[in-house]
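Okay, handing you the structure first.
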Amino acid sequence: MAITSVKNLKEFSTTNDRFEGAHTLCPGCAHSMIVRELMNCTDDNLVVSANTGCLEVSTAVYPFTSWDTSWIHIGFENAATSVSAAQVMHKVRKKKGTLKDNDAPVKFVAFGGDGSTFDIGFQWLSGAFERQHDFTYICLDNENYANTGGQRSSATPIGATTSTSVAGTHSYGKKEKKKDIVAIMAAHGAPYVAQLAPNKWKLMAKGFQTALETEGPCFINTVSPCCTEWKFEPKDTMGITDLATDSLMFPLYEIHNGHELNILYRPKNIISAEEYLGAQGRYKHLFKPEYRHVIDKIQKDIDDNWAMLQRREEARI
Amino acid sequence: MAVEFEVNEREVWDGNYAASQALRQADVDVVVAYPITPSTPIVENYGSYVGNGYIDGEFIMVESEHAAMSGCIGASAAGGRVATATSSQGFALMVEVLYQASGMRLPIVLNVVNRALAAPLNVRGDHADMYLGRDSGWIQMGAFNAQEAYDLALCAFRIAENHSVRLPVMVHQDGFITSHTAQNVYPLSNEAAAKFVGVIDPVDDMLDFSRPVTYGAQTEEDWHFEHKAKQHKAIMDSKPVIDAIFAEFKEISGREYKRVETYDMEDADVCIIGLGTTVETARVAAKELRKEKGIKAGVLAIRCFRPFPYEEVREALEGVKSIAVTDRSSPGGAMGAFYNEVAGAMATSKARPMVTNYIYGLGGRDLSIENVKTILTEQQANVDAGYITTDLQQFTNLRGPHLGFFKTARS
Amino acid sequence: MQDLKLRASENRGKSQLEAGFDLLGWDEVTQGSVLPSFEGDASGIANLKAEERNYSGYNSYTATVASWRVVKPVFNIDVCIDCQNCWVWCPDSSILSRDKQMLGIDYDHCKGCEICVEVCPTNPKSLLMFKENEDLETALSGWPEKTKKEKN
């Protein structure tokens, strides 16, 4: 595959964009950083699909498209299916010699938000992974249904207030833990699964390149802070991402072949969950005395998960 | 290269096998499917052709019908020839994506083996699934037997992939009665079929990277209406293309298809209008009734349910005095949908004949020759009386007290 | 340096991504609402810079979202170290970099989110926010001096 150099930012900045501006994502949205980085980390032809969600409704608003490559959106749930079937069609047409350029390398990529990945599109995603199609699925995880006004998804963490898990006098917000999508996708036996974040741009680019180069279905969960629904200033997107990775709320790691786990980033100074939560309006209510125990629980969950990841890495399981 | 699959001049095939042979001969690139009774053998057979090297395409067995049609869309947008099959609940699960396929103008061929919709669960043939697709923007054609299931499947690729049409096509056959009944079928030779269907010439090909395209853009109030109107115009304008392809097919096969088929209609006073296997039953009944009672009975069959042949129906029914339209789907609080189409066509006729509605055959309930004779005899009674003597909507071969709705007599 | 001639299309910036603007007629509405991104042969597009490409009128590259902005970043090339932080983290592909050098801001696509200012590591910053109607020369003339590092 024709990968582009991600040795340093200066070299990476010489790549040409294939995801264009004047899309209608919110100012400060991390989705576009992640998408653009994926598109710029290879020179290969790309077929990209997207589930319904913020990315889709903001980048293909007729009569405009922000995509400089083949792109398809069908519904909320089926980006994994549409792109994997296109990949099979590519295989057949290559065999039959009916492609315009039969030798050009092509990569197949699907994007989904956490709602379409964790919830409504999960069956389609799981099916495509079970069938071992050669494609990469990237989840833009902003932990809620931002496109429809910030409802809870199964990616929403415990304690967050959303428009359908409302914090108030009788509730601290969402009661249930976030679904561990990375573990679930690794359990499909996928050759490469990772959790990455845009603040660690080089790790993310390398992860994307690994996924694109690896034959078979690869899954990457990317942290995509949402200023609109997490309630922070657009300018703080990268700062919040730093807090997310450095508090280990979003540990960055990869799993090869379902069992070889490598931690990709170990913060020099691990910050507290409290600091991460305190920077966002969606957790503001947790700082009332009566909900203090929720912060403690979140911290404990983070600590337990980090310990588990380290044990898995050490044991190579 | 694929291994040659030998076909005889005459084969004994059921409707499912006939449809699957059409997929093989059309050299379909990708079939994305999920099994459901009674359509399963169509895709199973395609899978066995792949497994035995009779075809160079690929079979993707997905995890649901929704995914099956989603995959068909992805594969079709990637520029190759695509087909699948389904029935009933599977069709219902596909509905969301059926609209996407037609809205994106993708030439997918879907073989629908008609079956009732639950609840209560039922695997037998009625037209509930076919009706569910009637506003989906697909061309819908009906086969009345196995031979037609084969012939129309071949024609479907030509119609769908025609650049002035570019719409997906459903080929319907009745569950079990057609799909599982072995009949004589006269297939085209592999060469003749391949020549007739030809090679797909893709439009907006996602795998043509010299021209990247975006499929599935959002169109709000400034754009959506024009797009949907254009799509509707395309399906309405497909009629002459369908006619031309049927004419071409007749030349190589000797078998003639029309969007509206007529039997004994030249001098008919009364007629029954039906879809699917009902047509063959009705033809026998009409002939017998002519002999037994001297009733000038005819049969009109709709080959092409979408685009609906309004002009041809009106023309064919000119001179008919009382018309029974049969709907094999529970109408859910209205006249049958098929009745409404025919009544709409006849509202502009000069003679304004009487049009009545019969609901029949739900969940595979048989429609006997005697049932059809009763329906036609009631039409003759209408003719004799000069008004509709029954409820406008009645139920045929249903147990219990007489069930009818919408009395036409006005005080 | 702010007004660069790197724009590929002459009609750049004329289209507003707003409802009802510049509606196509009936004949121009595309089949299946499929949108081609480029005019002519676009093979090997990944190897072409924006100014070398023939964008179609359907490509959002040719459109503008400048009206979203109430404040704008101003770029001071004299302070910039070409680290490309702003390039990689700009959510709107609005940092114009060529040959490893930061050249300026694409004001047709910038929404004024201020991320570029936040991630700029220089002292003083090479990017600062100003009111949308602030004159560039005035903005640059009042650029702050290097500040002493705050003690932790």
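Going by the order they are written in, the chains are A, B and C; count residues from 1 in each one.
Following the convention adopted for this analysis, a contact is a pair of C-beta atoms (placed from the backbone, for glycine too) under 8 Å apart; a residue touches a chain by one contact, two chains touch by 3 or more.
Since the model is a prediction, treat every value here as computed from it, not as a measurement.
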Closest chain to global C-alpha mean, per-chain Cα centroids: A
Chain of greatest Cα-centre distance to chain B: C
Rounded Å distance between chain B and chain C, as computed from the means of their C-alpha atoms: 53
Rounded Å distance between chain A and chain B, as computed from the means of their C-alpha atoms: 43
Intercentroid distance (Cα basis), chain C paired with chain A, Å: 25
Multi-chain contact sites of chain B, meaning residues that touch two or more partners: 209-210, 212-217, 219-220, 223
Multi-partner residues of chain C (each touching 2 or more other chains): 33, 35, 37-38, 42-43, 45, 58
Numbers and ranges of chain A residues touching at least 2 other chains: 60-65, 67-69, 101
For the chain A and chain B complex, residues of the former touching the latter: 45, 47, 49, 56-57, 60-65, 67-75, 77-78, 81-86, 88-93, 95-96, 98-101, 104, 106, 123-124, 126-127, 130-131
Contact footprint of chain B on chain C as seen in their complex: 19-20, 23, 26, 29, 31-38, 41-43, 45, 58
Of all residues in chain A, those that touch chain C in their complex: 9-25, 27-33, 36-37, 42-44, 59-69, 101, 198, 201, 233-239
Contacting residues of chain B [partner chain C, same complex]: 103-106, 166, 203-204, 209-217, 219-223, 226-227, 230
Residues of chain B touching chain A in the complex: 29-30, 32, 56-58, 60, 62-64, 66-67, 70-75, 77-80, 82, 96-97, 100, 199, 205-210, 212-220, 223
